[in-house]
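One structure, as structure tokens, below. Some questions next.
Labels A, B, C and D are assigned to the chains in the order they are written; within every chain, residues are numbered from 1.
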Amino acid sequence: MPPTQQQFASDNYAGICPDAMRAMELANRGSAQAYGDDQWTVRAANAFRTTFETECELFFVFNGTAANSLALAALCQSYESIIASDIAHVETDECGAPEFFSNGAKILVARGEGGKLTPDAIRAFALGRTDIHFPRPRAVTITQPTETGQLYSLEEIGDIARTCRELGLRLHMDGARFANAIESLGCSPADMTWRAGVDVLSFGGTKNGMAIGEAVLFFDPALANGFDYRCKQAGQLASKMRFLSAPWAVMFETGAWRTNAAHANACARHFADQVAGLPGVDILFPVQANAVFLKLPPDVTAALHERGWIFYSFIGDSARFMFAWDSDWARIDTLVQDLRDITGARPSPEQS
Amino acid sequence: MPPTQQQFASDNYAGICPDAMRAMELANRGSAQAYGDDQWTVRAANAFRTTFETECELFFVFNGTAANSLALAALCQSYESIIASDIAHVETDECGAPEFFSNGAKILVARGEGGKLTPDAIRAFALGRTDIHFPRPRAVTITQPTETGQLYSLEEIGDIARTCRELGLRLHMDGARFANAIESLGCSPADMTWRAGVDVLSFGGTKNGMAIGEAVLFFDPALANGFDYRCKQAGQLASKMRFLSAPWAVMFETGAWRTNAAHANACARHFADQVAGLPGVDILFPVQANAVFLKLPPDVTAALHERGWIFYSFIGDSARFMFAWDSDWARIDTLVQDLRDITGARPSPEQS
Amino acid sequence: MPPTQQQFASDNYAGICPDAMRAMELANRGSAQAYGDDQWTVRAANAFRTTFETECELFFVFNGTAANSLALAALCQSYESIIASDIAHVETDECGAPEFFSNGAKILVARGEGGKLTPDAIRAFALGRTDIHFPRPRAVTITQPTETGQLYSLEEIGDIARTCRELGLRLHMDGARFANAIESLGCSPADMTWRAGVDVLSFGGTKNGMAIGEAVLFFDPALANGFDYRCKQAGQLASKMRFLSAPWAVMFETGAWRTNAAHANACARHFADQVAGLPGVDILFPVQANAVFLKLPPDVTAALHERGWIFYSFIGDSARFMFAWDSDWARIDTLVQDLRDITGARPSPEQS
Amino acid sequence: MPPTQQQFASDNYAGICPDAMRAMELANRGSAQAYGDDQWTVRAANAFRTTFETECELFFVFNGTAANSLALAALCQSYESIIASDIAHVETDECGAPEFFSNGAKILVARGEGGKLTPDAIRAFALGRTDIHFPRPRAVTITQPTETGQLYSLEEIGDIARTCRELGLRLHMDGARFANAIESLGCSPADMTWRAGVDVLSFGGTKNGMAIGEAVLFFDPALANGFDYRCKQAGQLASKMRFLSAPWAVMFETGAWRTNAAHANACARHFADQVAGLPGVDILFPVQANAVFLKLPPDVTAALHERGWIFYSFIGDSARFMFAWDSDWARIDTLVQDLRDITGARPSPEQS
């Protein structure tokens, strides 16, 4: 099958990055004990602990839906609730997985700017309904970067975490694109998580360049009690675990997890810069990670689709473009040029 | 990391077979749509339908626990029950996953020879408790080959299926080692499944030589209604699906799924032949697939462990040896020789 | 214990009406078979079928949360969703019970006037998200009368039901105060339910004057398959069933179910008439059943509480007053007089 | 409806005892706050605490299935397991409710004498499977008296409790017929529960003479955290709670809970004494509470049924006779006489 022309509909359209593929090949030498009792899993765990500068408990699962839902199920009982943004992936794109894995916990959604929760919104829920007829809030989940590519600053995360502690809530971070946030903020993983007060992190590997796999990190070991059984029961324990863990080990060791993210972020930045100011084209949210959301006139959207471009329009009728570790500069420029052509922009100065 | 010396503790100690690895590399060229809207997934689906000679509905999930549990959850309500053998993997090794995914369905276990259910055992459950205070039977699950490596003949499967139909029960087959059964019986996949009356099949890819992945096949499309949502909600929908589907496509096309299984079966046969008759060593079950269970004196078990051999003893204090696509003849012979040495067997004729 | 002075905080502050109490006493003569195999349960079932003019399947459960949640669980799978009003009891006051009993089905809430769903709102959800990443809509629930005491007309119910059929959705009616709606609309139970297209009804007995108990009626018997097991497993099968069923039998036979509701409705009407026009007092919703919601100045609210009046303020800061089968005219007038005194209203003409 | 002739098929064939009925009538005076914020519920709670000589946390639920299942769900996670006797009600007669309420916890059944667990059986499970592929034991449940009417002595309960503590397990007591055990052992409720090491108790009211209702008592308050929400979500929070709680209050105050049980026990003793030695009739288990199990020849069973006697034969083909607070001596004697007639016994000495 010939390769398909690159699209920017999602960062999960990208394949496996070279370091992850090499890791799988290296891990494929000989026998290895199953279910994580292998050297690659030890090596990956060590890499995580070094990277996060703490003895966290960690678990490898297959995808982000499982990572988020199992983490949240570990934080709340069925009769409790989870505070999330109205565009949080757990609310809008996991087909009720948090409710399923927790056996009925309710997601309380707060409207916010670009998917960002605030201490006030959290407080409003926690102090709002306190009677027995409504699921009591027990966990808060924030997505970093958010589904529209925005970032919480370290201060904002710290404020949210303090609010959570005050109110007896646990804090989960959905880091499906964790690496992109780290690269963009230029901070350490420890600062963005446990030092700021995050209890549990879903760390995305798939969008970072792996074939399959996410990690769940518990910074409070007490919360991890039984999580290994929980994963097993939920069909999330890989027998040939080394093929999930080796890519993490290698990508941490080579730094690919960061260079991949840095590339994706740079592509988004570049794309946004190129299309800024095109007639009728508006950039909807600050471009802080690897996503660019454009407000396009309907005929522009149609013309792009006609030229073969694939993209989603699920948030506010916008066109979402996501960049990945493998995004090709030339292909981005083709997209920019198509947008220029369609919108009738005058040639840009450097092109004239 | 240097490769570890091969063990025969489980067929999931084996790595990725060459065809599966090549498939992942081929699938890694360029962009692909996510969640199964890609050419590799179409190609794999076609390969399945050709191989099974029917337009079955099929779904790719991450592991066998998920495949079995989701299939069973699709067959019964929470207040219903599932008839299984007392050594069925769903009962003994999935940490309550069928109960979890079905939200409470009960597994009714029948004692049987080597994990084989009989029409009589099924009938006894179905006609036994019929009052509202006990979960009504709704599904039957058989493992082919069984957990001790035994096979149901086509006639036996047909008899069970007819019993199920009579009693209003649905029939699921746990085919974690489906390919080994096919190779051993020498029959067609269609004959061993839908033509015999099986409704749903879990077809194992991991033990057959893949990194990760199982398929769930519904031969009655009505039963598959909503199963795509069920998988998504349960955290079993891979975003980069091509890396789950491509190995199936290539392994069906090259026939590796059968040659891998044939090799594993032959290794088991060979090992059993070599150790038959060693002093104090009993072969516990007929060797019909890729498993050999030995009854060993405790000192022999200890001595084997001392020489570095890893194996499980979870069924009746036996030592289980499982062979895989990559089992090495020389390494098997080393194990045989160690057993000979330990048991003090006289040199075999060909060695003398 | 001396009787407490009557309050109008909720219609579940009322006790057991005379006919229901007498029924329990009558049912208490001698032995009876358990779990519904008794004559009172047969008699109650017949009374239901006569009243609804159809051979519906019916089940007695303990409370409204169970009635609604089990009914909805019977209509949808865990990966499906339920369309409800934003003030529906299932959404706001059942502590996640629908999510729990269905193992994760999501409630999609539509904002509406006084808790009333519209065909357009239903259509918007059903046609909105149709991808696998969001729970597919499968059921609609309407409350009749709504939580603010409004009624759907027969035409409105019919329109909603037709919309449901078109879209492949099932229609549930939460009739916690079903009798109040029947009395107010003056129509037959059949016209307000199955003839209009309702599939399943939760019929409230507790607020109608019983100690404990609701009924779930399936007008499409196919939907009731297994519901007896579902109730048993969910802890909703009463062993001494006669004490749940006898009150239904007697209250249908004597007509108390209607006279109780008629009294409560008349009390609400009377109260609303008396307080209309009091300074600073606004009646928030049309008074069509047994509820009156008042918008009161904060000092009036405080003064009422000071005089010992209990009432809830959970919808829009309003004060809710609910009337029951036992509401006492004199006590209502005391409340009215207190409101007059507090608001400084001039004496009403008939009082001067 | 004329009263039906008394049967001894189950103690839930009995009606409401006079004190319970009077309590409901007393509680029916005037308004009361809903959901347990009423004086009767306070009074009942006090009575419990006095009776058990401890500040336990307690909750009223509708039936025994709910009491047991919610208690067990509070003790274990979905991926954990519950050790029970093979004839425990939770295993054989609750239609998978423990699995449902816990979202998948597995019941591990131990064969025992007359439904009695032993420390050895518990230890065998707790130390047996300790790998991640099997649900880890977390709770033990014992039925006092057992389903065949046997009693654990205080020493036996203490031994089991100590075993549980050693192994990190929680101990639940299913006291559906708790009062019968107390009367038979002649000990205090405190001695039979928390002083012996029981963590949670389901205390049965229905079989003790109430219309509806059981209590769940937590002797370790930490375990009760959130149980109010759990009950609400599970459809087990009565709105008119006073009708569940008042019977407890009155029956504790008058001592009816004990006299009812004493009567039932005496009837069982009397019946057993009368039928002992009848030709072909064997008493199967020691008669220590209110149950008598007879081994009868098939023709005797048939002849009893022919004479209109109802009884169950679900344990070992035996005929179970259960006596209740209202069992009528004359009616028991009629049954005895019928058995004498059928078995052709010579007239008993006192009758001659």
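One rule holds in what follows: a residue touches a chain if its C-beta (ideal position, glycine included) is under 8 Å from a C-beta of that chain, and two chains touch if they have at least 3 such contacts.
Note that the structure is a prediction, hence the values are computed from the model and not measured.
Of all chains, B has its CA centroid at the greatest distance from the CA centroid of subunit C. A comparison of the C-D and A-C interfaces places the larger number of contacting C-beta pairs at C-D. Note on chain placement: the centre of subunit C and the centre of subunit D lie 34 Å apart, centres being C-alpha means. Subunit B and subunit C have Cα centroids separated by 51 Å.
Remark: subunit A and subunit C have CA centroids separated by 43 Å (rounded to whole angstrom).
Multi-chain contact residues of subunit B (touching two or more other chains): 78-79, 94-97, 100-101, 103-104, 132-133, 135, 229, 232-233, 237.
On the side of subunit B, the complex with subunit A involves touching residues 1-7, 9-10, 12-16, 21, 24-34, 39-40, 43, 61-66, 69-70, 94-97, 100-101, 103, 206, 211-212, 229, 232-240, 243-244, 310.
Subunit B makes touch with subunit D in their complex at residues 78-79, 81, 92-97, 99-101, 103-106, 132-135.
Contact residues on subunit D toward subunit A in their complex (touch as defined above): 35, 77-80, 103-104, 132-133, 135-136, 226, 228-230, 232-233, 237.
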